[in-house]
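You will see chain A twice below: alongside chain B first, and alongside chain C after that.
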Partner chain A sequence: MIAKIYATIAVFITGSLLIYGVSDFPRFGDARSPANAGVEGGAGSISEYYITKSYADTKVPNIVTSVLADYRSYDTMFETVVIFVAGMSIFAILRTFRSGAPLVENFRKDDSFIDGDHQRIIVGTTCRLAVPVVQLFALYVIAHGHHSPGGGFQGGVLLGASYIILALADDLAAALRRLSEARYLMLAAVGIAIYSGLGFLCMLLGQNFLDYGVLEAVFRTDGPEMARSHSMLGVEIGVAATVMAIMFAIYANLASKGTLKKAL
Partner chain B sequence: MILSFDIILLVFLVVAAIISLSVKDLLSASMIFGIYSFLICLLWADMGAVDVAFTEAAVGAGVSALFLIATVYNTKRSSSD
Partner chain C sequence: MDNFFQESIAPHFNFWVYVVIMMIGLWAVIAKNNLIKKLIGLSIFQSAIILLYVSLGVKDGAAIPILPHHEEHADAAAPDAGQAAPAPDAVPVSESHRGADHADYAVDPATIVNPLPHVLMLTAIVVGVATLGVALALAQRIFAEFGSLEENELLIQLKAEPTDE
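On to the complex of A and B.
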């Protein structure tokens, strides 16, 4: 109880400090804020550069995608690595190969979760009908990330969610038949290999790491701009592969306590 | 941005946050956390950050709520404090 009081006091102090800090922020959408107008006396702002020049640089209409996958490609690569490492840690902590003895013990068996077979039929049929739609939409999101909101992360999460839906509809075994453990672990690594491989390809051709313009020769495009656009698609596919595999890996290990046998 | 819409969203956001922290049943808490994520997603979309809203909808409201439910299923359902 006393710990709770201390925690509440700490939360209130931190919260009021944060709210106090927010009062220094520029107004939402203020054209004269440093992010929009640049530092006074210095060079123009970077957002202005992105807004005016990114289409000419990359031929990608969605500025967010061009910033994430090209200008800030290094960031995105290591974000993907973070997701990979998170998935691997969950795998390392939870996955158990001894049969019958999961590492994480079940504290209290609560059977009120499963409501019986009649509900399972309704849920199962709905889920099975949803899976192809979700997967098709996910592929659209990945492929169309240049022109509309979306991209590798969102598409990858949707793809992973489609396999999770499959696992909820039947059982984990049905989903694992389509995306086995060996395959999702490999896919997770392959995604990062695609991303960093494109980066190293740029280095091999004599440019900086992840400087896609030089891939013009590989993709046989008209100029470096289209090469950037195509490499962004390649990079997004890598991100999607990793994210999809890791999302499903986390679910499979969490739901079955690392045995990959009986789940939710 | 529509001011009245924003105010409604923010009020619901605070309510959802408080409920998800205070409710004893952890399954309900994780579902209300999903609602919280969805409200934040609406706020992002309202502010024009469509990419972020999309990510929040997919990751926050979709998959992470599911991860929480899977964890609750494998540990225990009611909170002890």
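On to the complex of A and C.
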């Protein structure tokens, strides 16, 4: 109880200081604020460069995608690595192999999806109908991330969610039959490999790491701008593979306490 | 009074809300005894920061950071595009992929929201989910080891155990 009183006092002091500090902030929706337009008399904001020049530089209308996958590509690559490392840590913390027992053999062998469990008929059928639609939409979100809201992270999460609803509606075995542990661990690594591989390809061709313009020769495009656009799709696919695999890995390990056998 | 609200509170009201959300999260992290509740507090804290960043990029009446790019449909779409369409001269005219004249493609930065906070928060959200997963995995291991997620019970057990030396 005494701890809660102290906590309340600390929170009130911190909150009042923050609210006092906030009074110096630019007004909400101010187009001339330092974050949006740079400081007065100094250089313009970097975001102004992105808005005015990114289409000419990369031929990608979605500025968020072009900043994410081209200008700040190095950052995004290591964000993906962070996700990969998080998945590996969960594997290291939770995963247990009981006396060399086979991973998949103990699962139900029959292919019947609903298995006479009448409570699961509605959920199982709905999920069966929803999964392909979700996955198709996820692929659209990845492939169309240049022209509409979307990209590798969003599409990857959607793909991961499609396997998670499969695991929730039936059981983990049904999802693992379609995306086994060996496969999702490999997919996670392959995603990073695609991303960094594109970066090293640029280095091989004599440019900086992840400077896609030089890939013009590889993609046979009209100019370095279209090469950048195509490379962005490549790295988005890599990001999507890693995110999908790790999202499903997180669910599978947490829900089955690391055994990947009986979940929820 | 009305004037005071307009000048002092309204311009920063969104930041006040984020401070309140952030303090709710901080209070949960400090005061709650259960590790899962602390994690929920951390997630609330994180959402406040994400909201703060995205709101810094807002510009009055600006459109989403996706430029109009359908050259052949641009003229047909322009008249009925009443909803916050970026300046009409933003439409790339005579844009063939070869030999495009970039000089006539001008966008007024004030008509497009700041894309940079969106980029930063996009990755932060996904990384936040992954790190929350790691935290939950650790909590699960702690529960398997000690049979409790209450901080005070864990401390009692940790003190009772003989040290390794």
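Keep this in mind: the second predicted complex is superposed on the first by the 243 of 264 C-alpha atoms of A that agree within 3 Å, B and C clash if a C-alpha of one lies under 4 Å from a C-alpha of the other, contacts with A are read in each partner's own complex, and residues count from 1 in each chain.
As a working rule, contacts are C-beta pairs under 8 Å (C-beta built on N, C-alpha and C of every residue); 3 or more make two chains touch, one makes a residue touch a chain.
Please read these numbers as outputs of a predicted model, since none were measured by experiment.
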Contacts of A:134 with chain B and chain C, given as first, second, both or neither: neither
Which superposed partner A:151 touches (first chain B, second chain C, both, neither): both
Contact breadth on chain A, by residue count: chain C or chain B: C
Touched partner set for A:86, first chain B, second chain C, both or neither: second
Which of chain B and chain C A:18 touches, first, second, both or neither: second
Contacts of A:161 with chain B and chain C, given as first, second, both or neither: first
Partner chain(s) touched by A:33 [first = chain B, second = chain C, both, neither]: second
Partner chain(s) touched by A:56 [first = chain B, second = chain C, both, neither]: second
Touched partner set for A:244, first chain B, second chain C, both or neither: neither
First (chain B), second (chain C), both or neither touched by A:233: neither
Doubly contacted residues of chain A, that is, touched by chain B and again by chain C: 4, 28, 62, 64, 149, 151, 153-154, 157, 247, 250, 254, 257
Chain C-touching residues of chain A, taken from the complex the two chains share: 3-4, 6-8, 10-12, 14-15, 18-19, 22-23, 25, 27-31, 33, 35-37, 45-48, 50-52, 55-56, 59, 61-64, 67-68, 72, 75-76, 79, 82-83, 86-87, 89-90, 93-94, 147-149, 151, 153-154, 156-157, 222-223, 226, 243, 246-247, 250, 253-254, 257-258
Footprint of chain A on chain B - complex, ascending: 1, 27, 47, 50-51, 53-55, 58-59, 62-63, 66-67, 69-71, 73-77, 81
Complex contacts: residues of chain A adjacent to chain B: 4, 28, 62, 64-65, 104, 106-108, 110, 112-113, 141, 149-151, 153-154, 157-158, 160-161, 164, 247, 250-251, 254-255, 257, 263-264
In the complex with chain A, residue positions of chain C that touch it: 8, 11-16, 19-20, 22-23, 26-27, 30-31, 55-60, 62, 64-69, 92, 97-98, 102, 105-107, 109-110, 112, 114-119, 122-123, 125-127, 129-131, 133-134, 136-138, 140-141, 144
